[in-house]
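Scroll down for the structure; my scribbles are underneath it.
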Amino acid sequence: MQIRILATGGTFDKEYNELNGELFFKDTHLADMLRLGRSHLEIAVETLMMIDSLQMTADHRARILARCLEVPEQHVVVTHGTDTMAETAGVLGPVITGKTVVLTGAMVPYTFGSSDGIFNLGTALAFAQVLPAGVYVAMNGSYFPWHSVRKNRIKGVFESV
Amino acid sequence: MQIRILATGGTFDKEYNELNGELFFKDTHLADMLRLGRSHLEIAVETLMMIDSLQMTADHRARILARCLEVPEQHVVVTHGTDTMAETAGVLGPVITGKTVVLTGAMVPYTFGSSDGIFNLGTALAFAQVLPAGVYVAMNGSYFPWHSVRKNRIKGVFESV
Amino acid sequence: MQIRILATGGTFDKEYNELNGELFFKDTHLADMLRLGRSHLEIAVETLMMIDSLQMTADHRARILARCLEVPEQHVVVTHGTDTMAETAGVLGPVITGKTVVLTGAMVPYTFGSSDGIFNLGTALAFAQVLPAGVYVAMNGSYFPWHSVRKNRIKGVFESV
Amino acid sequence: MQIRILATGGTFDKEYNELNGELFFKDTHLADMLRLGRSHLEIAVETLMMIDSLQMTADHRARILARCLEVPEQHVVVTHGTDTMAETAGVLGPVITGKTVVLTGAMVPYTFGSSDGIFNLGTALAFAQVLPAGVYVAMNGSYFPWHSVRKNRIKGVFESV
């Protein structure tokens, strides 16, 4: 079973620019993370975009949807900023059939030594392998069907609606 | 859905004794790891033993089996040394019915800043939630049914047999 | 020999707010850093302020100067943002006599798993113990007398002028 | 001012072999550590040996002494296991004149995410630049002249004798 990971950016992949003190995107760290996790899954990593999910437009979401439909794999993980992850899931959910697509992200950048990114990546890859076809969000150890998930921005956690 | 984690030790929970340069066990780091992973799952962590899996005897395995059967949860994760993880799975597999039990571990101690422990914990918790009843090993991003898994000690990875 | 550390903030002590993705100050991490460095020096840590050095005014610098003069220790380390560290050194330098005062900081926050903060802290504490009375900046492994140092903001390093 | 670092091994440079769970030596991590510390010192790193200091013989110490004398630099840092660091200092001390030689090490391997190695490296490089000619041990934030230092193995700290 091959899995496709579509990287779109988000906190997951942010880095610290030590010259100006700002956060920015360079490349995805997914290859590093998979190596550190000793993953031996067959995974094709593809960077679709590298942006903050607050800056995602309908066009960006259309591209993510199109790629989910185009790729040959039946099992897809989308790494995504947490702020609008539920919104993107809501775009993918009604259209995608016959594939298991799992969106995940992180509250703290991988490069800041946090562990929620690699924990979430682990859960997302597992859910993508075994959940029935459909679109899901994998955060905080749980999976949420696309039509019943939101981010609680006060608490910084995902919850069912 | 509540999940029970039974900690038995293994590389996962080893620490470095800076006075004598040896590895040892103190307490499990599961609470820290779940906190860093921003897990919001309902989890009961229970330390059954804190040993190297090379020192596990039939008695130890009988205790693990007994606890898997006794606990009220239908979803159980067992953290375990990798060297004899497949052997313990082979003890649990033929007896446990109606529960999903997932064994996992790490190649590098959590306290050494490695990431395979927290990645594996993520996959194990996800598999424990969605795989059908049975006993599995979750390592290297994959799950393996108890009757068809071994550790390749040369490569340091788990593979199907 | 007792050493006083006066914490003023700077990148050294910044943290990541995972709810809004911004950097902020809470408490200094100096106690943690000294513990991880296995320091057995007699050190009194005192937080004077917790601000970005770009927001430092003449009043802030006057307070730092006053505290350097008031404290009983002859050996003082000031942790400080790098952007205006040389400017503060220029305020302290002409006034302080009979004490060794060393300013240091970091390019990457300690909480981001960087190592320049703890490396710089090591050099600053060593320089504060053995350099003759005077005011210095300790960055990039070197010490610079207060009257001949500037931050090269393009390269992100300190250099002699 | 150029500084020579002579690496001899010790806990500083130990790594974890995830296949057999043992600690071993591969290469020194000094280049990584200097890069993370944003050092801009002129430093020549040279690996003399890569061993545990409990396995150091009189021959090994004679090699270290010979190299300290031969290298053109007046400022030398020797990275060394902590267990017999004081003994090696006792071999170098009576012979070396006109150079500042500072021995340092770590209680926890750099690769285990510890911070005492990089903290100690910072102090050692600073002491090597400014202490008068002589042989010293730099540990726990302090420097100790070669003739009055021992490791307290119960506490894991260096102290004056």
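Points to keep in mind about this one:
Which chain is which? They are A, B, C and D, in the order written, and residues in each are numbered from 1.
The definition used in the following text is that contacts are C-beta pairs under 8 Å (C-beta built on N, C-alpha and C of every residue); 3 or more make two chains touch, one makes a residue touch a chain.
Because the structure is predicted, anything quoted here is derived from the model rather than measured.
Counting steps between touching chains, the shortest path from chain A to chain D takes 2.
Averaged Cα coordinates give chain B a centre that lies 44 Å from the centre of chain C.
Note on chain placement: the centre of chain B and the centre of chain D lie 39 Å apart, centres being C-alpha means. One inter-chain figure worth recording: chain A and chain B are separated by 26 Å, centre to centre, where each centre is the mean of the chain's CA atoms. Counting partners per residue, chain A has 107, 156 as the residues that reach two or more other chains. Inter-chain contacts, as defined above, occur between A-B, A-C, B-D, C-D.
Within the complex formed with chain A, the residues of chain B that make contact are 33-34, 36-41, 107, 114-116, 118-127, 129-131, 138-143, 156-158. Here chain C touches chain A in the complex through residues 11, 14, 16, 18-19, 21, 23, 52, 107-109, 111-113, 153-154, 156, going by the rule given at the top.
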